[in-house]
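Letters A, B, C and D mark the chains in the order given here, with residues in each chain numbered from 1 onward.
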Amino acid sequence: MMPLLTTKGLSRNFGGLRAVDNVDFALMPGEIRAVIGPNGAGKTTFVSLVSGRIEPSSGMIVFDGTDITGQPAYVRVREGIAYTFQITSVFANLTAYDNVALPVQRTLSDGRSKGAVRAGVMAALERTGLADRAHMPAGQLSYGHQRLLEVAMGLALRPRLLILDEPTQGLADSEIDNFITLVREIAKDATVLLIEHNMPVVMQLADRITVFNAGKILAEGTPEAIRENSAVQEAYLGTAP
Amino acid sequence: MTDKNGFFDLSKSTLTRRTALKGLAAGAGLGLAPGFVRYSQAQSSAPIKIGFQSHRTGIGAAYGRWYEKTTAAAVKAINAAGGINGRQVEVIIEDDGTDPGRGAEVVGKFATQHKTDIVFGTLFSHVVIGSAPAAGENKMPYFVVSEGHHVASTKLNRYVFQPGITDVKSQIESMAPWIAANAGKKVTQIFPDFAFGYDHRDYLPPALKAQGADVIAQIAIPPTESSFTKFFPQIPAETEVIYHVMVGPAVLTFVKELGEFYGPNRPQLFGFIDSLEATDINSPGLEFLDGSHFWEGSPRYAQADDSVAQKAYRTAVGIDDNGAAVGDPKDVSTAAHMFGCWETLYVVKKAMEDAGYKGPEDRAKLVEATEALTEFAEGPEHPQGPKTFNGKIHQCFGIQNISKVEGGKLKVVHKTKIEDGLYEAEGDYTTQAL
Amino acid sequence: MSEASPAKAYSLHLGVIALLFVLSFLLPEYYHGLLARIMVLAVFAMGYNMLFGYVGLLSLGHAMFFAAGLYGAGLAVIQLGWGVPLAFLGGIACGAVLALLIGLLALRTTGVAFMIVTMMFAQVFYLLILYFATWTGGDQGMVVPQPARVLSFGATSLELTNPTVRYMTALGLFSIVLLVTSAIVRSRYGRVLVAIRENEERTKMLGYDTFSNKLAAVVISGTICAASGAAYALLFGYIGSSFASVQYSILPLLWVLLGGAATTLGPLIGTLFMYYVIDITSGYTSAYLLIVGIALILLVLFFPKGILGSIRQRWLGWLP
Amino acid sequence: MHFGPHLLLAALEGLVTSAVLALTALGLSLVFGVMRVVNVAHGEFFMLGAVLAWAITTAIGGHPALGFLAALVIAPLIVGAIALVAERLVLRRLNYNPEATIVATIGMLYIIQQLALTIYGPEARPVEPPFSYRILLPWFGYSGYKLSVIATSALLLIATWLVLTRTKIGLIMRATQYDSETAQAFGIPVGRVYGGVFALGAMLAAIAAALIVPISQAHYLMGQDPLLLSFIVVIIGGLGSLRGTVVAAVLIGLSDGIISMFFSPTLAKIIATLLVAMVLVFRPQGLFGTASR
């Protein structure tokens, strides 16, 4: 099977700092992949390169067999790479409905009918349990609900690759359980790339785990293999069993 | 140099309010017997209302104030002598901000809200042109005191008149013979890069050519410029006369910098006093102008041979022998142009009397009566001098003065003849429908 | 913006249009003429609102779009002898092309740089009018001859100088632009524009080409402003460079901020308010700009979202 | 005139423009950099400085240098005080919201302009230069006072630079500019810093105006051009960069003078404006700013 996403020699410098250093990475379709690593390891920079929010200094990104290195972010989104932000950035002054309508109306190919937008929006809101809050301004939703709305917006893009940047940060435990169920469901029709600090979540969700350290890939493997990996333990897990 | 009156003096701006004019008009009407008699005989006792479109704010504000003073003086004199057709004259002032858009609105306001009999008094050309369509559409006789060539060009409409001041084209043509004969044959023109300058740019070269002189360079200065030295190297070295017509607040700078550039070895200078209207000729930096010549419509300084009418006019308006406000020597008038307000009002009076004007329904008659006028004799009503009037192009033609700066004063050294400034009519308003 | 109460918004717009129609028969002559002018200028403000209110792009150069329409239409009549309808379309086309060109360049910048760049392009446009004075009439401007300002339909002809015709034409233009802009802002495209205003980066990450969307908004905005300028030239018969000066770039900003940015009727309310404040105060004092200045500061201190914006915030949440 | 002397003259003229522009634009840049406020009334503070300079020299009389020096000190102080009042009464209450402050400063512009017209009048009034020495070059004469304006402005700019980089006040201002919330947390009275910066910005404009007024007269509409030019300088120079502001002012002043050698004046202005606009389009962070802000 061909990987959905590969990077070759991907690097990005900020001034003298090599935030992402010569990364070769491959992601298979249907996978749930977790990316972990200490703060400043280059995780967010790496997914930003993949989503096109920042340009690489060198290297190549291939998505579904096409070289997308030079494509602007919005084109990558259209080809199926969706990114949900680490810091919640829903449109605070718009209603939850409008927030989701934005991605829905763009993915609709038939276009014109108002009913189709409404149906698509409500479907995404229902999947994330926000249907009853559709007409609240997003800024007035609770923090957890804003995170869910962010996911709903990502879902509404009908991505082939959904990148979730620390989705459980700031969520209550009960919310986290619902969230895990949600991601499993998403993974039925999309590949998921997940940056996460919450190790129990990672262990429950991930098919494979990639560990970043100092801009490089330190290790990669199944959750069990990573748990056993002494280098990883030293660099990262050492403090948390 | 000390001028403690000039600054925090609020009285100046309140002096010419509409209320003051009303008060003047009413007072004059009640106080004088002949006026009172005719007043009671008139078919309508309501005053004749003149809408005065004034530049109170914006770039023309320095002119607007003196236009208001002159107008107030003329109205006072007219009312004291019985008004027009036995009716008192009331002036209603609206500020146009020296802006053509607002100007058109003001004309509309006069026509439809104040319901004035005529509109009068505009100076700046772009406001005249911007307001002219509104005057035509409202069938509102519109008497401007602008000196622009726009009225005589016949590009406006039948309701616009300029019977009180000679237009620039005529002024230029009457200046050319004197320049060629007395100042020099090789002329460099410096003028503002906008309409007022274009009249000079377009009409001076042929006029000089006819006199055997040449314009060897034309330097147009952008309207927003505030320093000029960098343009002076463009003045050719063989220049004998610099012909300058800069206007606006930066004019003093212009003259000063010209002085610094040339020092005492300057070419002859010939200018239009428009540059220095409302500016003291003895301001620091203007020493350089000593010995140079200016066009003046009406002389700023009292002259030895002033007529009785001219003296009476100066007293009525309230300017002293130096052309400044009586009691405030720093408050210099716009003498070369503002006489036009006085004379225009007397033309309106004459035309209204000829037409037997009774009210706005007679406006068409007023237009025809004005067009029928041909000559204005020198006298109390026309203190600047005699004029002819061409009813086809709605423009008057008068004598012009050339004055020399001598000992900090402007002394008239030459008066042109009316014929010097006559040119072929470019059209005929009287063929337009009323 | 949202799905809520489209019916209310439509009735409000139709109600305002009907009210303006009825006013035509009730207003005294002077205010009748003034309102015609205000409606034309409100269209200018609506065009400005399109970009500033909904996309959040603050331009200080919109006078050039107004002037493009003004000169496009006016010169077409004066120099080329075109008829009124064709000249009107010509003016609009000039504005659209100019807006496309300016948008392509200026949208490379954001924030304050966008303000300054638009201001400078407008300054260049203004100077070009002066530079080509032979054709444009320079600062003096030109009169659009009265006989040419006639709409002919076969045998019947309507003189645009007739107050009623002028009022109804202005009302017609105003109504069309009001309905079109309110339809645009309620459409999916309008939703994208607001999203760009709120967070452009996020909008990109939803797959939107924000540059093209902004460019389209600049063109729509410029076209509407040009329509206002073209109507102004044909209805009021004068074209002049003062309409391209910085002052006329600041005016629509003021009108929109006063009436309420990103409200459909704010531009009309703001223009109306400003005109009446000037008209009334200038009757009492020549220092009316002082009163305008104080009014501006008081408004911004106590009604920071403008008149309609504050009403929407405090009382009528559904206001379009 | 030959090319060499012409170029010299154009350069001298350009430097005078630059000198005044640098001071004015620095005021705008400080306000913009530290407070993030676009002060549309900046040009009116410039105009006020000129008008007050006229009033002060006229009131004092005597030798022109006496009045001029008094004006150079007193006019900026009065303008600074007015700006401080405006900041306390209006801008602070608006929480320095960018859009609201634009409208408010447009309001101030109208108020100041109208008051100047009502009280001072519509005339352009000259101020006598402190000394009138004409430097005679082989090709043309040049005003000695103009050269002294260049020197004075340079001195003032260096002084401002020293204050900003070498003193505690400068440090506080830079800290506030960098991050006002953190500055507040470190006990810097941000509100008072804002008030001080706004007043200082206005004072710089007033000083520039007091310097220029013996060259070009005081007039109530004189504020618009310096405002536009200052905006351009601030953007080209990069926001809040003193070095950038000065370099941009020199660049704009010189190019204005030198381009006018080759083209007719209006065309020169069109070309210069277009050039600056294009710089902004293709390098929006300014010539000296850094890409990411």
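Some observations on this one:
Simple rule for what comes next: contacts are C-beta pairs under 8 Å (C-beta built on N, C-alpha and C of every residue); 3 or more make two chains touch, one makes a residue touch a chain.
Because the structure is a prediction, the values reported are computed rather than measured.
Shared contact partners of chain B and chain C, listed by label, are D.
Steps from chain A to chain D, taking the shortest chain of touch contacts, total 2. Overall, the chain located most centrally, as judged by its C-alpha mean against the mean of all protein C-alpha atoms, is C.
When the interfaces A-C and C-D are ranked by C-beta pairs in contact, the top one is C-D. Greatest Cα centroid separation from chain A: this falls to B. For the pair chain A and chain C, the distance between mean C-alpha positions equals 43 Å. Between the Cα centres of chain C and chain D there is a gap of 33 Å.
Centre-to-centre spacing of chain A and chain B amounts to 76 Å, using the average Cα coordinate of each chain.
Per-chain CA centroids place chain B at a distance of 37 Å from chain D. Across the assembly, chain C contributes residues 127, 130-131, 286-287, 289 that each touch 2 or more other chains.
Touching of two or more other chains is recorded for no residue of chain A.
Touching of two or more other chains is recorded for residues 114, 117-118, 266, 269 of chain D. Interfaces, counted as pairs of touching chains, are A-C, B-C, B-D, C-D.
Contact residues of chain B toward chain D in the complex are 1-4, 6-8, 10, 12-13, 57-59, 61-62, 64-65, 193, 219-222, 224-227, 229-233, 237, 249-253, 256-257, 260-263, 278-279, 283-285. On chain B, the positions that touch chain C within their shared complex are 13, 56-57, 94-95, 99-101, 104-105, 108-109, 112-113, 125-126, 129-130, 132-134, 136-137, 148, 150, 155-157, 193-195, 198, 222-223.
By the touch rule above, chain A contacts chain C in their complex via residues 51, 53, 72-75, 77-78, 82-83, 85, 89-95, 97-98, 101-103, 105-107, 117-118, 135, 153, 157. Touching chain B in their complex are the following residues of chain C: 28-34, 37, 127, 130-131, 133, 137-144, 146, 161, 236-238, 240-243, 279, 282, 286-289. The residues of chain C lying in touch with chain D in their complex are 58, 105-106, 108-110, 112-113, 115-117, 119-121, 123-124, 127-128, 130-131, 246, 250, 253-254, 257, 261, 286-287, 289-290, 292-297, 299-301, 304.
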